[in-house]
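Following this line, the structures themselves.
Each of the two complexes below includes chain A, the first together with chain B, the second together with chain C.
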Partner chain A sequence: MLTLAMYFNHPIFLVTILLLLIFVNISHDRGKDLRKWLPTLSIMSTLIILINPFLVSRGTTILFYFRGKQVTLEAFMYGITMALFIAIILVVFISFNLILNGNRFLYIFSKILPRIALMIMMAIRFVPLMKRRLNEIGDVQRLRGMSMTVGDFKTRVRNGMLRVQILLTWSLEEAIHVTNSMKARGYGTEGKKSSYTLYFMDKRDWVWLFILAGLMMLCFYGGRLGYGQMIIYPELGPWQFFWIDWIVFCSMFIITSFPLFIEGREKIRWKLSI
Partner chain B sequence: MEIIDIKALSFQYPESDNYALDGVNFHVKQGEFVVIGGPSGCGKTTLLHLLKKEISPHGLQSGDISYIGKPLDEWDERTLIEEIGLVFQDPENQIIMDDVMQELVFGMENLGYSPIDMRLRLAEMVHTFSVEHLLHQKTTALSGGQKQLLNLLSALLLKPRVLLLDEPTSQLDPVAAKDLLMMLERLNKELGITVIIVEHRLENIFDKADRVVFMNEGKIIHDGKSREVIQQIYNRQDHRFFPYIPSISQMYLELHHAPTIDRIPLNVNEGRTELASLPSMNHVEKIENKVMNTDTEPIIEAKDVYFQYEQGSSMVLRKLSFSLNRGDFYAVMGGNGSGKTTLLKTCLGLLKPQRGSVKRFGRKLTHKSIDSVHQNIAYLSQQPQTFFIQDTIEKEMQLIAEQHEIQDSEKRIKSLLNLFGIEHLRNRHPYDCSGGEVQKAALACMLLTKPSILFMDEPTKGLDPVSKIHLQSILRKLHSDGLTILMVTHDIEFTAKTATKCAMLFDGEITAEALPHAFFTGNYFYTTSINRLTQNSQYPEALTLEEVLHSWQEHELA
Partner chain C sequence: MARARVSLIASIIVFILLIVMYAVFNYHNYLLLSLGIIGCVMMLFFIRFEMKSIKTREIVILALLIAIAAVARVPFAGLPSVQPTSFVIITVGLVFGAESGFLVGALAAIVSNMFLGQGPWTPWQMFAWGTMGMSAGLLRHFIGVGNLWILNSFGFVWGFIFGWMMNLWIVFSNMHNFTWEFLVGIYVSSFYHDLAHAISNVIFISLFSVRWIRILNRFKKKHGLLEDPTIKPSIAYEKAGK
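On to the complex of A and B.
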């Protein structure tokens, strides 16, 4: 989907992709994570749309002059496509985060980079642990008068650094136990590490993969020939869709809404069986 | 058949003059349940770790360790990893993965088992211990007891023949600790797994163990069946190990005129039977708390406090009201997750209640006032090492003296170090001290500023019985010198011996508040073993062994 978004820059294409992705995201967790990101997302998009025309003065359709520089419609449009593009990337990553939990992540990467995958997994676990420890240290230190909320800037910074120092000493001490526990259960022994969780591809998966790959090819080919794209510089091209544009648009629509289709089918089945 | 055979084992850590183990001979038969006890630093953990080759400490080693007749070095790595399992002390630090299932299969994956094999073992184990409900949870969401169970299971999945446990219950509450011990007993009885466990809390373990071993300064001092060891310690009047003996057995040995070895009671049930044969003391009056705190000036007053950690989560504290008077030694008890620590932190002002007010010295706690009145209070957290910022205890104390402009600081530092008996640790790095020592050092540092209230969060967690007795006497002394103490704990025996007022935290509020005697007597589970023994007997209902012995003396005189 990312590649699709990179391939097409037609605003209608991008808006469709974005809307579909938002629906996909809502189907995961009712948009809980998305809502957290919403302020950042909207501020960033608005900034890009507003700033781009003032920085870039390429293009021929001049809207007005600002401090002697031309502000063009083309640059404005380009800003919009950029903003849409970035929004798509963010939404995809939010979904990615929700779907790909540690286990699946490890499964995908452990084949290629087993050590690094484990390290990442451990890091994921230890961040909240460290955070809890830092809180505990903060409480104890605050009550002995080493506060971070009173005093001048220098003392506050010094007290903050002391906390981090305690955290490091403590965590290093604890890390010895962690390595011991890993060694005791045979980590680092010779021989191949196996994996408990297996995600199998069955026949239906292959069929769907094939169909999706076909549609993907179609999109790529269409994009290659310039369909689904809009000419922005030097002069804004027409909005109009040719019939091949429509084909490309449909295949893109199917690819992006595929997760929705699967989840929706499940929901309908549940509802109907009652 | 001997599964583990240790001959003349000595071990010395690098840069240390003393032997951590000094000529230890130790044999374990297949299927035995062995308990090793002894004060911190006696070498019991070193011994246990030397049995697990992958993590055996570096140092000078002499003597032989053999496993099933063959020296440990001659076995191949894989067999040893599989057949000798180890569970560590801290439940938190042994967990590596984020997800329970992933954690359970970690060992099997490392050894490259086939997926079918793993599934079979996991299914069997999860079903046997009925932990299906935990399988898809995050490891961080588990309670301490569940975490330790998870660690035990992940060791068991490799089908060990010997299970080593390093103080597995020291971080758990009494209920979880009992559950874990029952589990071990079952593994030992049903599957014939040899269990070697290093433990501090021996009150409940004597009647489960086939053998008890006591160590001191790198040597094995007592070794034999539970009752034999108890009698040995008694006959030799070996006071070093008295605190390790269950109080019921102690009571029997103290009161019985002709104790016999195979009648020494190890649990309440046996104790009841034996009690009948003990001389009765009918006419001794009922024991009651004589000390009443007459001071009613409240130092801390909490009123209708509601607290929750997150919006939408359940209320941890609910309409909680209580007051701490000057001169109290107040103990708040309650199960795990009942909100004890939350209560403590609310009183400290670290957590702000959603509703209700907390007043300290008659003033409402605000963000500012916490930072300005810190000299008056001391807070001993569950992790006392977080207190230290200097690299020796002495420097730490000097720093505090400087910060608070304390007069003749050197003299005060010295007297405090002496009071806590840690003069010899003066130049030690806090992280090089044992758990009990760090705690004492932290307390000594805090008392330098002469606080008027001491807050303690689970002060007995992970302490060996001797340190516990020491802490008990120190706290009693500090209390009699006028220090007000608020402690949250689940250590019943400790509370019974120290506190002047007890309260139970249940369902977010203080449900019962009373003097220790009124509080504990009549409880079924939530009381000391001596009390369970003396309830409805010909003895006056007592809480501690000291009380029984005291009233016994009175009876003798009468």
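On to the complex of A and C.
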């Protein structure tokens, strides 16, 4: 999807992708995470749209002059596509964060880099533990009158780092305990190990993968030939679609809305079965 | 082992393909291209780690250090643009060597972003922190860890290099309307942030590096962790350790 968004710069394409992605996001968690990001997203987009025409003076259709520099329609359009593009990237990553939870992460990475994946998973598990310990250490420090919130800069930094240092000495020994426990359960022994996986590819998945890959190729090919793109510099190109544009548009639409389609089908089945 | 070799070959092939794609097909998607190249480079380090024989406890210690590096910014939430993650990574590189430094740096970026949000900046962050840890490990071989002046200037310089590397992702994602003014603008606007990073590195190193290095060194000696293979024959040691 990211690649698609980078390939096309026609505003209609980008707006469609963005809307579909927002719907996909809402289908994950009813847009809870999206709402958190919304202020950043909108501020960034408006800034880009407003700033670009004033910085870049390429283009031929001059709207007005600002302090002797020409402000062009083309630069304005470019700002809009830029903003849409960045919004798309952010929304994709919000979805990505929601979907890729620990289990799936481990599953994907353990295929290629088993040891690294194990380390990442362990570190992710340690983080909440460390946070709890930091709070405990902070409570003790507060009783002893060492504070992070009052005092001059240097003492605050020193107290904060002391907290981390106590955490380090506290936790290092425990790593050895963890190791012993892992050894007791047979980690690192020779021989074949089996592992529990929750996810697997069946025939249906492969078929869909092929279909999606085919559509993707179509999009790439179309994009290479210049369909789905709008000429911005030096002069704003025409808005209309040719029929190949429509084909590219449809395949892009299917790819982007694929998660929605799957989720929606499940929802309907669930509703109907009651 | 075999699997690691397959991924080694795969990443080399992908790297060559990326170069070919750029050179022959005149490919202009710079953000993807740069991410691909960074991924391939980091893959080599990860694969080296996969192929190495290593003790279980070393994996656990590295994981713990990653978690500490990631969580160390929590108490500093009240002090803007002060974060000791770089300090932790440099110290780990100094004590446990270049490879451990790279791993802790790169993976700490992934882990802290798991909680703060991943984005296209993650690979850049991984690369920047990874090379920071790695260069600290290399520094150890040349000058040792005793000299605070050298360590301080090292931390100061890295505060800027880190910021400059992180600026690159913004530059690459806006490569279409690249102008030199744009580049200079980004680097000028990040100056104060980088300066704060550099100064906080210096503060942490001058206040805490001696103690941290002592703590980690003691632990390393006590449990025989991640020792230099030139000092001890690692194979015999390895078997005894397991």
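Please note the rule applied: the second predicted complex is superposed on the first by the 268 of 274 C-alpha atoms of A that agree within 3 Å, B and C clash if a C-alpha of one lies under 4 Å from a C-alpha of the other, contacts with A are read in each partner's own complex, and residues count from 1 in each chain.
Definition applied: a residue touches a chain if its C-beta (ideal position, glycine included) is under 8 Å from a C-beta of that chain, and two chains touch if they have at least 3 such contacts.
Since the structure is predicted, the reported quantities are computational estimates derived from the model, not experimental observations.
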#### Entry: Partners on chain A (chain B, chain C) - clash or fit
fit
### First, second, both or neither for A:147, with chain B first and chain C second
first
### Query
Taking the superposition as given, does A:90 touch the first partner, chain B, the second, chain C, both, or neither?
second
### Query
Touching A:139, do we find chain B (first), chain C (second), both, or neither?
first
### Task
Please work out whether A:158 is in contact with chain B alone, chain C alone, both, or neither, and reply first, second, both or neither.
second
### Task
Could you tell me if A:38 is touching chain B, chain C, both of them or neither one (first, second, both, neither)?
neither
### Task
Once the structures are superposed on A, label A:122 by its partner contacts, choosing first (chain B), second (chain C), both or neither.
both
### Task
For A:166, decide between first (touching chain B), second (touching chain C), both and neither.
first
### Message
Let me test your reading of the model: by the given contact rule, A:182 touches which partner, first (chain B), second (chain C), both or neither?
### Response
both
### Distance of closest approach, chain C and chain B, by C-alpha atoms in Å
6
#### Entry: Residues of chain A that lie at the interface with chain B and also at the interface with chain C
122, 124, 129, 149, 165, 169, 174, 178, 182-183, 187-188
### Query
Touching chain A in the complex: which residues of chain B?
52, 54-55, 77-78, 81-82, 85-86, 88, 90, 92-99, 101-102, 105-115, 118-119, 122, 139-140, 151, 154-155, 158, 345, 348, 350, 367-368, 370-372, 374-375, 377-379, 381, 383, 385-389, 400, 403, 431, 446
### Query
Which residues of chain A touch chain C in their complex?
2-3, 6-7, 52, 55-56, 78, 82, 86, 89-90, 93-94, 96-97, 100, 111-116, 118-120, 122-124, 126-127, 129-131, 134, 138, 148-149, 153-154, 156-158, 160-161, 163-165, 167-169, 171-172, 174-176, 178-179, 182-183, 187-188
### Query
Touching chain A in the complex: which residues of chain C?
3-4, 7, 29, 31-32, 46-47, 49-50, 54, 56-57, 59-64, 66-68, 70-72, 74-76, 78-79, 82, 84, 88, 103, 107-108, 110-111, 114-115, 117-120, 173-174, 177, 179, 181-182, 200, 203-204, 207-208, 211-212, 215, 219, 223, 242
## Note on the structure
Counting only contacts in the complex, chain A reaches chain B at residues 101-103, 106, 121-122, 124-125, 128-129, 133, 136-137, 139-147, 149-150, 162, 165-166, 169-170, 173-174, 177-178, 180-198
